[in-house]
Amino acid sequence: MTRSTTRNALIALAALVVLLALPHLGGGEKLADYIIFAAAWGLLATGLNLLIGYTGLISFGHAMFFASGAYSFGAIMQAQIMPVPLAIVAALIITGAIAALIGAICVRLSEIYFAFLTLAFQMFFHSILLSWVDVTGGDNGLLGGIPTPVFFGVDLNQPEHLYAFCVTVTVLAMYLMHRIVSSPFGFTLRMIRDNERRAIFLGVNVFAVKLTCFVLSAVFSSVGGIILALFISGAYPDFAFWTTSGEAIFMVMLGGLTNFFGPILGALILTGLNDIVVTYTDHYGLFLGGIILLFSLGLRKGVLDFVKPGGRKSTPAQPTADAKEATHADA
Amino acid sequence: MTTTMLSAQGLCSYYGLSQVLFDMSLSVERGETLALLGRNGAGKSTTMKSLMGVLKPARGATQYGGKTISGWRPERVARAGVGYVPEDRQVFAELTVEDNLLMGAKAGTKGQRDWTLERIYDTFPMLTPLKSRQAGLLSGGEQQMLSLARTLMGNPDLLLLDEPSEGLAPLIVEQIGHVLKDLRAGGLTIVLAEQNMRFCLDLATNAVVIDHGTAVFSGAIDALMADQALIDKYLSV
Amino acid sequence: MTNHKLNTGRRRFLKTGAATAMALSAPAILRAEGTGAIRVGMPTILSGVVSILGESSVAGAKLVFDEFNASGGLDGRKIELITRDSRAKPEEAAKAVRDLVNGDGCNIILDAEASSGSFAVQEVIKSIGALCLHTVSEATPLSADPALHAPTAFRSARQGIHDAIGGGAYAAAVAKEKGLKRWATCSPDYAYGRTTTAEFMEYAKYFNSDIEVIGQAWPKLFQPDYTEVITRILQWRPDALYSALWGGDLVSFIDQANLYALFDQTETFSVNLGDYPVLTAVEQLPNGMRSGSRYNKVVPNTPENNAFYDAYVAKFGTLPTNWSWENATAATFVIEALKDVGTDDPVKLAEAIRGRTIASPFGVDGTLTMRAEDHTLTGYAVGYGVTTAEEPFMKDFHTSSWEQILELEADWKKRQGFA
Amino acid sequence: MEPAALLDCLTSLSCVVTQTTSGLIIGMLFFLVAAGLTLIFGVLGIVNFAHGAFYMVGAYLAYSAYQVTGSYLVAVLAGGFGAAILGVLFERFAIRRVYGENVLLQLLVCYGFVLVADDLVQIIWGSEYLSMGMPQAFRLPPVFIAGGIVPPFYIFIITVAAVFAAVLWFIIERTQYGRIIRATAVNPTMVSALGIPTPLIYLSVFALGMFLAGMAGGLAAPIRALTPGMGFSVLIVSFVVTVIGGMGSVTGALVASILIGLVRSYGSIGFPLFVDGLMYVMMGLVLVLKPNGLLGRQEASRP
C-alpha cells in the first residue's frame, strides 16, 4: 500500500465512523432513512459517473442495472438459498453478466447513439420486468417482502443494523470506486475521454477498456439498487424506468461530474430537495422542475465543479457546429 | 478617393485557452486590395475570422465604414457589406451548385442586385454545366469558384478571401486570379489572405505580413518585395 | 463483501447506539398521544397521469375528517391529514410512510397508493407497526395472502375477487339471456388487468358454461393509440367484450372504438366505466355499455349516499370517484375506532377496527364490515348496471348477493392456498 | 405468437384494408410529432425531450378552443399556434442558452420544462380526464372499403398528415427557407457569414417543430383522453421513430412512422404480446447496424 492509499483508507474509515454516529447525534430515524436513500442513489450516480465523467460515455439506461441488482438480490433472498452476503455477491455477478452482454453491443457506438441504445435496452428491460410476472411479480414488484436471515450476528430486520450495514457497504463501494479511478486504469479512462485517437495510437484496446468500465459502472450502480431493495424490502419495475436514470443523471450534473464526490453530493442534495418539496407542497413538478431549470440555465455546472475545476472545459454557448468549427481551424 | 474602409486595432483571439492573435492590427482603404501574408499557422485565417465575427476576439476593436463592428454576429457583418470566402471553401455539400448560389443571394448595402445567376455563370463559365450537381461532388477548384461566386451573390462591398489558391492546380489559380482582377477593376475592396506570394503580386497594392499572430510588416507590396531579409524571415518556406 | 473485522467493530458501536436510538424513536408514539392534533398520514399519487387518484382520495378522506373536526373532534382533538406525493414510485411511498410515522408522528396511515405502492407500504407497516388502511389498491393478495398479513393493516377498498364473482354472475346471466357465447377481452397489460380479467372470465364461465373466450388483447398501460387493438378485436367478431381498462385509457379506448362502431357490434362489460370522471369525459357514450359498480350517487340509491354525493360536490366542485368513497370509508373506520379507544395507539385502533361494522352510505344494507379474518372490507355495493349518457349515468343496476360472493370467495381462497 | 392468424389476415382483403389503414393512422399521427423532433435534432442538434409536453399543451389548448368555439379547425390551429408560441418562449429563454453545451445539460433543461409543464397543466385544467369529443362533422358510421372497416375521421387525419408531409417536403426541398435550414444543419457558421441570421433560423425551426407537435395534439384530441403527463408515451414512440428513420431526416421519420404503424397493426395480429418489444428491437438493430438510421444523413462531409 502506498501512502495515499493508506490515507484514503483512513479517510474512508473516518467517514464510516461519522456516518454510523450521525443518527445517534439527534437526527433519529428520519436522518437515517435520508442517508440510506441518498446512499442508494449516490451509488447509482457515482457508478454512472464512472462512465459519464471518467470515460465520456453518457448512459441513459443505468436504471436497468440498479433494478437488476435489486431484483436479483431480492429474488435470491426470497428463494432462501443463500445468506445475505453471498446473495449480494451473486446479484453483482448477475448484473455484471447482463452488463457485459449489453455493453458489448453498446460501447462501440458513440455519443448520442450510445445514449439511445442504452435507453432502448432499459425500456426493453423494464417491459420484461412488467411482463415476466412469474419471476418479477410484474408491476406489483417482488411480492411478500425480502427476508433477511441473521448473518454474522447482523439482523437487517432491526433498523439500526440495517442502517449500519447499508452505510458500511456504501463506504466500501465508494472506497473501491475511488481506488479504481485513481489507478492506471482510471487514467486510461480519462485518456479515452479526452482523446480517444491518442489512446488508440498508444496501443490501448479501447473497446476492452470501455467494456470493462461499463461492467464496473453497472455493478457499482447495482449495489445502490440492492441497498434500496433492502431498505424498502422489495423491488419494483420503476427502478428500471427511464426517469430513474434521468434522476441519476441529474444528480451527477448537480453535484459535478468532474469530481469523484460530485454525484454523491448531488444525490444528497436531490434527495433532500425531493423530501422538502414533497413535504411542503403538492406541486412537486412545479418546484422541482423550476429548480432544475434554474440549475441548468443558471449554474450550468455541478457544485463541486466550482470547487475543483477539473480537466473539462465548457464550450461557449453557441450551436454545436460553431464549436466544432472553432476547434478544427488553423492557428 | 482614399478612405479607410476596414481597420482593426489590437485584436487578440483565442481558440479555447490558446491565444492565436496578439495585438493584430491592419487597415484597408476603399478600392484597395490588401494581401495578408504569412506562413501556415501564422494567424491569417484567424484574422479573417476575427474580422468577420465568426470568431469573437477577446480584445481589440474593428471598424468598418465608420462603425465599430467587433462583437457583431457574422450575419450582421455580412449585411453591412462584408463578403467572406472561407479558407476551406465550405460549400454546402448536399445542396446543388445553384442552391448554394441562391443561399448567398442578398441585396447589397445600397439595395443593388448587381450579381445575378446569369452574371455568375458568365463570370464562372465552368459552373454553368454543374448547376444541378451536388456541391460536395465538385472538384476543389470548382468548389473554390462556387464559394467565391456564392459570396458575390450577396453583392458585398468588401471581400475577405481566405487562401483561394490553396491546393489548386496552377491553371485554376490563374483563372481565379483573372476573376479577382476583374472584381478589383469593378471597384471591389479585397482582403486576400495567401501563402502564395506570387499570386498576390499581381493583385495587391499593399500587404500585411503576419507572424505568430501579430503584424510584423505593413506597407506597400513593392516595399515588401524589396526587403529580401523580411521575406526570408517570415515568408520563405 | 462483509469484512469480519469491520463487523465486530460495528457491532460494539451499535450496542451503545441502539439504546440511544430506542430512546429517540420510542417517544414518537408517546409524543403524538395526549392533547395535540391526531395526525393521519396519506401517501398517494398527486402528480402525473393518475393525479386524479390522489386528488379524489384526499378529498374523500378530508370530507369525513373535516366534518368530524367541525363537530368537535375527539374530545377537542382535531384530526390533521398530512399528504405526501409519491409520484407513483413505490420506494417513495415506503419512505413517505416511514417519514410520516417517524418524523411527523402519524400513528395512522391511509394508504392511497396504486397496487405496487401499496405492497411497498405494507412492508413498512409490517416492520413499523402503525395503523394502516389501504384505500385504493384492488390487488387481491394484499389482504388475501396470509404471507403478506400485517396485524395493523386493513383494506378499505374493493377487493378484486369480489367484483369478479359479482361481475361473472351478472355476465353469465346476460350471456344466457342474449346468447353471448364468443367473448373477447381487452385489458391493460399489467398485474391488475391480467388478474381481474382472468378472474372475471373464470366466474363468467363458472356460471355459464357456454361462454368461450376467443381472443384476448393486452394493450400497454397509458398507451396513446388503441387502433391496432380495436381492429384486432373486430377481426374476432366477438359477441361480447370484457375490459378492465380504466381512467384516461378507457376514455381513449371508447373514443377510438366508437369510430369503428365496435360497441354496436358487441355487448360490452367494462368494469371501470361507471366512475364519474370516465363517464363525464366520454363525449359520445355508446348506449347500453355495461359497467361494474365504482361510485355512483344512486348505487345504492339511499338518502345517505345522495347526501354524500351532494356534500362532496358542494365542497370540492368535482364529482366523487371510486377512490373517494374508499377513502371516506377508511376515514370513517378511523374515527369510529378513535371514539372507541380514545387514543391513537395503533394496536388498540387495529383491535377496534378488526371485525367492526360501521353505518355507511356505501353499504348495500347501510353498513360495511371490516372482516376480522383477513382485514378486508365487505358489504359494499358490488354489481353491474347499464350506463347511460345522462345523469345518473346508471340504470338497471343489479346488486350482487354478498352471500354468493362470500361463499365463492372462501372456495377461491382455498384453491389459491390462502386459507 | 399467432402466425396463422397473420397469414389468415394477409390473405383476406378486408383484413388487409382494415389493418393497413389502421397502421397508417397510427403511423401518421406519430409522424406529425416525430417530424418536429427530427427536424429540431437535425438543425439545432438538440434532442428535445420536451417534445411530448408540447404535444400535451397543444391537445389541451385545442380542447379549450373547442369548448369556446365549437370549431375543430380553430381547435387544431389553437393547438398548433399555441404550442409554437410557447416553443418560441422556450427557445428564446431556455434552449438557446444550451446550444452546443453538454447534451446532459440540454436534457436537464427539457426535463425541468416537462415537470413544470405537466404540473401547470394539472393546475390549469385539473387532473380529471378530458375528452374533446368527436366533432359533429365526423360523427359518421365507418365506411367499408373492400370489406375493410375505415372510419371517416381517420381518412381525414391521414389526409391532413399526408398534406403536411408534402408541404414539409416542399418547404425543405424547394424553398429558400428549406435551403437555409438544410445548410444550417450542416454549417451554421457559413450560413451566418452569408448574412443569414441563424438565431432566427433556429427559433423558427423550433417553432415549426412545436407547431407540428401541438397540431398533432389538437388533431388527436377527439380520440385521446387528455391527462397531465400524456405527452410521455407519445414522446417515447416518437423517439423510436426518429432513431429508426435517422435523426434529422424528415423523410426518414415518415418512412419509419408508417413502418412502425404497420408493424403495430399487423403485429397485433401475428404476435400481439411483442408489439412494443418489436419496436425496441427494431430500434436496437438499426442503432447497431446503421447508427444513422434508415435514411439518416452521414456526418457532414466538408471539403
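Going in written order, the chains are labelled A, B, C and D, and every chain counts its residues from 1.
Everything that follows uses one rule, which is that a contact is a pair of C-beta atoms (placed from the backbone, for glycine too) under 8 Å apart; a residue touches a chain by one contact, two chains touch by 3 or more.
Predicted, not measured: the structure shown is a model, and the values here were computed from it.
Q: What's the farthest chain from subunit B if centres are computed as the mean of the Cα atoms?
A: In terms of C-alpha centroids, the chain at the greatest distance from subunit B is C.
Q: Quick one: most central chain, C-alpha centroids?
A: Minimum centroid-to-centroid distance belongs to D.
Q: Using mean CA coordinates as chain centres, what's the gap between subunit A and subunit C in Å?
A: Taking the mean C-alpha position of each chain, the two centres sit 35 Å apart.
Q: Can you give the whole-Å distance between the Cα centres of subunit B and subunit D?
A: Centre separation, subunit B to subunit D: 43 Å.
Q: Please report how many Å separate the Cα centroid of subunit A from that of subunit B, as a whole number.
A: Chain centres of subunit A and subunit B, defined by C-alpha means, are spaced 52 Å apart.
Q: Multi-chain contacts in subunit B: which residues touch at least two other chains?
A: 54
Q: Please set out, as single numbers or ranges, the residues of subunit C touching at least two other chains.
A: 47, 189 - these are the residues of subunit C that touch more than one other chain.
Q: List, in ascending order, every residue of subunit D touching at least 2 other chains.
A: 118-119, 122, 186-187, 189, 198, 273, 276
Q: Name, in rising order, each residue of subunit C that touches subunit D in their complex.
A: Result: residues 47-52, 54-55, 189, 217-218, 220, 222-225, 227-232, 234-235, 247-252, 255-256, 258-261, 277-278, 280-284, 318 of subunit C touch subunit D.
Q: Residue numbers of subunit B touching subunit D in their complex, please.
A: Its residues touching subunit D are 52, 54, 73-79, 84, 86, 88-95, 99, 102-104, 106, 136, 140, 143, 150-151, 154.
Q: What part of subunit C is in contact with subunit A in the complex they form?
A: Spelled out, the residues of subunit C in touch with subunit A are 1-4, 6-7, 10-11, 13-14, 17-18, 20-21, 24-25, 46-47, 83-85, 87-92, 94-96, 98-99, 102-103, 115-116, 119-120, 123-124, 126-127, 139, 141, 145, 147-148, 189-192, 194, 221.
Q: Please give the residue numbers of subunit D that touch subunit C in the complex, ascending.
A: 5, 9, 15, 18-19, 22-23, 25-26, 29, 118-119, 122, 126-134, 139, 141-142, 149, 151, 153-154, 220, 222-230, 232-234, 237, 264-265, 267-269, 272-273, 275-276
Q: Spell out the residues on subunit D that touch subunit B in their complex, using ranges where they run on.
A: For this pair, the touching residues of subunit D are 176, 179-180, 182-183, 186-187, 189-199, 297, 300-303.
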